[in-house]
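Shared between the two complexes below is chain A, which has chain B as its partner in the first and chain C in the second.
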Partner chain A sequence: MGNASYLAVAFEGILLIGALVVLLVAVVAGRSRAVWAPIAGASFLLAALAGVLQWIEVENGGGGMFFSAQNLQVIKSPMVVLDGFSAMASIVLGLVGFTAMLGSWDLVAKVGKRSAEFVALSLLAFAGLHMMAATPNLVVIFIGLETASISFYVLAGFIRADVKSDESALKYFLLGSLASALFLYGIALTFAATGSLTIYGVNSIRDFFSETVVSDPGILLVGMALMLVGLMFKISAAPFHQWAPDVYQGAPSGAVGLMAAGVKIAGFAALGRIFVGGFISQIDTWGPIVAVIAALSMVIGTTMALVQTDMKRLVAYSGVAHSGYLLLTLLAGVEGMSAMWFYLATYPFMIVGTFAIISTVSGPTSTSSPIEAMRGLSRRSPEMGWLLAIFMFGMSGMPFFAGFVGKILAFIAAGDAGYIWLVVVATLTTVIGFAFYLRVVATVFSGEDDDTTMIDPTLSSRFAVVIGATVTVVFGIVPWILIDVVRDALPL
Partner chain B sequence: MTVSLADWFREAANWAFMIIAIPTLFAGWRTVTSNNIVRAVLYLVVSLAGTAALFIMLGAEFVGWTVVLVYIGAVIILFLIGIMITRAPLGVDADLSHARNVRTPAAVLGVLLFAVIGYAVIDAFENSMIEPFEPTATADLANLLFSRWVIPFEVVSFVLLAALIGGIALARKDDNGAQR
Partner chain C sequence: MTDLLWILIALPLTGAFINIVFGKRIGEPLAGWLGFVLVGSAWAIAVVPTLGLLTGSGTPETIYLFSWIPVVGADAAILWDPLSALLTMIVTGVGALIHLYSIGYMHGDERFARFFGYLNLFIASMLILVLASNYAVMFIGWELVGLSSYLLISFWFKKPSAAAAGKKAFIVNRIGDWGFLVALMIIFASFGTFDFGVIFTTAPVVLTTGAATAITLLLFLGATGKSAQIPLYIWLPDAMEGPTPVSALIHAATMVTAGVFMMARSAVLFELAPISGVTIAVIGGATALLAAVIAVTQMDIKKVLAYSTISQLGYMVMGVGVGAYSAGVFHLSTHAFFKALLFLGAGSVIHGMADEQDMRKMGGLRKAMPVTFVTMTVGWLAISGIFPFSGFWSKDEILAATFQRGGPWLILWAVGILAALLTAFYMTRLYVLTFLGKPRWAEGTEPHESPWTMTLPLAVLAVAAVIFGVFNTPARLAFEHFLEPSFALISHAEPLDLPLAAVLALFALVVAIGGIAWSWFRYNRDELPVEEGGFWQRGLNGFAVDDLYGRVIVEPGKKVCEWFADSVDPKGIDGVSHGIAQGVRTAGDGLKTLQSGQVRSYAGGIAIGAVVLILAVLALGGGF
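Right after this comes the complex of A and B.
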């Protein structure tokens, strides 16, 4: 038990140590970026490796629940859980974090003396994000959410000299704090209703549902609804999505990939943990609400993306639609979790890759990135042009790209759960969605010959884009490799 | 169990509650409606003090005194210092209430949320009598905090670290002006 309990918190431990080392090195060895590039990269990769070890431990029958202190097992209130779900979250967050950090490196180079803070905040944020997936305790989920949110508010406003960046950070902060407050209120009301803050263990929420007939569900309903609203805000599902386009556009291009991808993964991991892990017996209550939110997200995200002229806003609205597709997997309960992890293991790489390209084309500190800036990209930087096309195909759900497989798995999950109307809506929005993704691709491959300003991407953003594209293509052509793995990524 | 109004007024604790709650609510109302930022902050002090008193009435001594020490003692002082050193306009500022067009929807939404949550809570607990209880001793709280809840307690320190780094990153002066 001793070693496994360290392994259970290894992801957080490695990233937190990494963040502290970066801060210390920045003080001791001066503020040369070259010093903490390896530290940040190694932290994320080691964290992902810890995830692999966690996975092996779980596959060998290890894992389970861990308490604050082993001698206190009398009060069975687990704080950390090691299962396929949390191990998968470690692997995905570690690798996405590594790739996103590569994509952000141009920005780190630009922020001068504050670059150590940028790196440290990113590491802390990802530790918080994983906390949301790896704990059965609602309070710890909230603390993890806050660790990540506070870091991301700062990253959104990192370019202080730019008013748009400030506005983006303030908007994110105010609306995000409101969402966090609602989530916390939901936890409190759920505690009032069930008498428990923990999803597993003795006197848990699950025990409550198996032992009690809920005759008067009012307070429980409000509690669940508020938690749902809080998390829906974080994953930018409609109608709680209005912040996303403004924040994506206003935040420095180099930082958006990191924020957007990380929050999506952890937000859905927390939704899966709470609603599928804890409230699965109430699925008839929350299922229809999630279905309506999913439909709204897909329709609003797709239609709004059609009229965007800014690349970052377009990706933001497409992210709203993708949240809708991802929500389909929740409706299938435990059976949908593998589909959710397939989606979460591929789609964030497309976000990261796309933003690495946006950051290369419009500059890492830029706050707007018109689609027109992509015109003729296939000639100005052939690799970036082609790879952006791959990401657009991947997001649109074109066959032979990972996005297609992810969508099909999500549709199957929703269909099995009996939401046929939702699958119809999802198919329609996917088809309509091709319009704006292909518009970007057309822009990339068109343009007069007079604009021949070549774009020379840095090595780090090249790496980020290539990793993202590899994931998109490989798991589109041979998806069963990943499908076999995520089959075991289930909550305890 | 139904409580008649006369019984309700016969209970001394209810009088104490009213005496604390009404000024707290009034101060909260003035905090968001005052046009003078310093006055708004001072009303917030009253509102927070009332909250602290209510916590103490509930037997949550430690939480009550934490509100006094941390919020009234530290946060409000920071507000005032912040207002002073940023040379924000003191006195009446008409801009503070420029968002008149969102007032009504905001008020409706607030009342609606209050009604829903209030109804749910009353609906859930209307018939249950809360047993008389001992005030929570700070020592008990500390024992729990450093045993069962030690992992969340540790993680909270990283929230604070993130906030601290973030605050420095946003406020620090760049001497090479590299952020453009």
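Right after this comes the complex of A and C.
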């Protein structure tokens, strides 16, 4: 065990320690929020910093695979991997987690003494999310997935007195469990067919494909398909998306940004790790299916978003469409990974910022947030109004915002992979999508002058929104800074 | 000098920012003057390098600003050549005059400063579009122009018709934008870059005729949206709901010409695709004729001008289709002046008549509004194609180029002549009904001349409408030589022999005078002709094209959306509202029953999806 192996698990380690400290402080010092605010913030920032160190280590050629314990090297089954891919996941998840925590702070302030739970669960969830990106072992991916999912089930139902919040949590839990079960079954079948649970290393799935001529691939294919279903559920790609609008709407507004952004990042990281890292030789089998799912997601997400009257549902359906765009990057295999990370490093900030604004306008514990509530926001709180417009422009793919560059890179990836028809669909839905994003912008900037109930955002949500908007604008105008970096965010 | 051209875009952009953010504090009329001065300065700054190009002391060049997405050859750079210089002069020149005019026109509007903010934003967007040195930046300008146009059309959004018109323009243009976007994808797939320089020099080698046809037809689809051609022209008449200066600036002089400009810029690609050329010319000719017929039947003074604009754009598109790019661009320039003049004149009339737009309630305004009357006379003669006004020269050139192609193109030429006849007819109708004859004003109307901020722009534009035409006559092709560097990469047809050209021009002139005379004697009398029969009624409704689109496209589209909402996704809007209502009501024990149904159906969805996916994987992977 060298220092690098500690570094490889630094992200999870820091967040776990942070969560434990928060819980301990809550027991010892009582309900002083002021104490664990800095702890939570510092944990996320330190975790992101660890990500930067990991990145430097990888750039210097220090990456590699690590094993659970020295003596297990005999069976050569790596549990943790440190590469550009996992380091990038650390940086992105750390910064998104920090921003989302700021955006959730209004809710934390509202829930009184249970706020320690909220903070600890968030920290644990993000540790789980990163595990999904940083392990070559399918079972560990599953453990990370469950760590994050179970935390999020609780967060969705955090306002126990609100029946909608309970409904949301229960729904998320039941359907999420089903998806997890399918995913796990997929892992089991894959193990049955290949005799391996690991993507890299000796006797890995990759070795299996390069060394074996599979004559009867039935079990293997079903395993692959089930893993795909499980992850498609998590990223809310159509037709496995129906939970998302209900859960987003029912969960307290202050918590949704955290969940939605985090799951999106880790879900795609796991997809990239498993399918581009392990099953790349089978891309002719899963590629067309991912393409169809992408098309369905873009079309259904966009169409349904058009008819929504609730902000949270609208963002949920737009998230379905965005999953579609993100899936385009998978089709290009390893070549598409940098496009995927560009998207994942920018789009989640827009989600977080949007939900911070929703939480400010409709209240952090609210379970509904009609678009109409945004009417005249540009007057009632000019900064929130303008910044919401920036997020809408960003998500819609308006030039000079990060969403535009992300989409272009995704389109190019799909085009390079030969899916021209999919690019045509994607441009079509992008163009249609402008309609509902701009409807929100129009609502923000319209309204009678006499309706001037001013909204005064808290400092924390201001910070969250400004960070999100900065990312959206800066990487829209000077995207090559990020493009140059994510070029190295590749799986081993 | 040209290094500083980015200031052209920065000036109106600054104005937009200041007027939108601090407008309320600046107030009227200072916000308007600020907008005017910034656009005017942009014009003044652009004059010097334009003169450089004109005298030959300057050369076309690309000015690199900063790199944006270098991977796709999309740098922020300015392409400064005669074509972009010409458009810059029009956009900033006409734009500045319209800013000045708006100071008077928008007097007293509660969102005065916001209006100028949007106008400035439009000018900046338009400059991004015309100065772009690659398709990616051009597309940004294209979209920004669409956005500011939407904001300006629905500026009086409290009027439901204005809000609806803004929305319609926006949605119809999305269809065109989609075409543009897909064309860009194919361009990128073929060339690996968006850069004009690379694309135009390598196009003949890289592109097959099929690819060039696909690209150009899709680009043309984009142009039919912005430049209001069949089948996407329907948004422009509705866009008249916006303030009149907006109609003059955006829907006559600048934005609607963006499509023509884009096709002229891509001339090299269109040269490679003869089939596209034919399609474009035919659609342009058909638009010119259809819109002219509809214009004849309109009663609203702005609607006449709107259909007239569509018709004139049809001419320009026809010019591009027959390969006479500089003729198309020439008509674009002259039209920018005389149509802006006509719109501003109409605005002055509407202003003076207390917002009356129905020509049946006008008449005899000659004495009440002398300046408007004189300047409108110039505009009327120019658009009708009377010698020596500018419209005569530019329209004639397109018709001559069409005639020269011979064979079946002669039909198109005849269509153009017919449209010219109708143009003279409906413009005379507008002119006579508005200014001549006896007053038919509604009671209590007291027409008055507009303030100098409104009449001065009219006068300047009138002068331009008179003289601009002589830059390019069959005898003296100064304009064409000026544009030559922009079209250096395509072959030029030989100009017609002077005698034949003169005969054709004379014929067109006779036709125009015939149209004027016919209309003059029909309308310049005390008793107006009754115009109520089937033709007039149908024409007034634009031959029910809107209804047709409504039945064929909009309604089915709505049905599909509703079907999605109600059936495909079991919880559309209805489901949510019912769900919420029910959820609260059955808060206690009802929770379980409410949940199980939905979760079961969702889980069922996941299960079905999983089965289908497994079968698909098995099929593709050879698992059967």
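Everything that follows uses one rule, which is that the second predicted complex is superposed on the first by the 490 of 492 C-alpha atoms of A that agree within 3 Å, B and C clash if a C-alpha of one lies under 4 Å from a C-alpha of the other, contacts with A are read in each partner's own complex, and residues count from 1 in each chain.
Going forward, contacts are C-beta pairs under 8 Å (C-beta built on N, C-alpha and C of every residue); 3 or more make two chains touch, one makes a residue touch a chain.
Please read these numbers as outputs of a predicted model, since none were measured by experiment.
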| message | Contacts for A:M79 in the overlay, against chain B (first) and chain C (second): which applies, first, second, both or neither? | response | first
| message | Tell me the contact category for A:F475 with respect to chain B and chain C: first, second, both or neither. | response | neither
| Of chain B and chain C, which one touches more of chain A's residues? | C
| task | Examine A:M131 and indicate which partner it touches, taking first as chain B and second as chain C; both and neither are also allowed. | result | first
| query | Regarding the shared-chain residue A:R114, is it in contact with chain B (first), chain C (second), both, or neither? | reply | first
| message | Tell me the contact category for A:L170 with respect to chain B and chain C: first, second, both or neither. | response | second
| After lining up the shared chain so the two structures overlap, which partner does A:L221 touch, if you call chain B first and chain C second: first, second, both or neither? | both
| In the superposed arrangement, does A:Y437 touch chain B (first), chain C (second), both or neither? | neither
| note | Note: overlapping chain A surface for chain B and chain C spans 216, 218, 221-222
| Contact residues on chain A for chain B in the complex? | 9, 12, 16, 19, 23, 67-69, 72, 75, 77, 79-80, 110-114, 117-118, 120-121, 124-125, 127-128, 131, 137, 139-140, 143-144, 146-147, 150-151, 153-154, 157-161, 185, 189, 192-193, 216, 218-219, 221-222, 365
| Where on chain B is chain A touching in the complex? | 116-117, 119-121, 123-125, 147-152, 155-156, 158-159, 161-163, 165-166, 168-170, 172, 174-180
| query | Any idea which chain A residues touch chain C in the complex? | reply | 163-164, 166-167, 170-171, 174-175, 178-179, 182, 216-218, 220-222, 224-226, 228-229, 233, 239-240, 242-243, 245-246, 249, 282, 284-286, 288-289, 292-293, 300, 303-304, 306-310, 313, 368, 398-400, 405, 408, 411-412, 415, 420, 423-424, 427-428, 430-432, 434-435, 438, 446, 477, 479-480, 483
| Complex contacts: residues of chain C adjacent to chain A | 67-72, 136, 139-140, 143-144, 147, 157, 170-171, 174, 177-178, 181-182, 185, 188-189, 560-562, 564-565, 568-573, 576, 580, 583-584, 587, 591, 594-595, 598-599, 602-603, 605-606, 608-610, 613-614, 616-618, 620-623
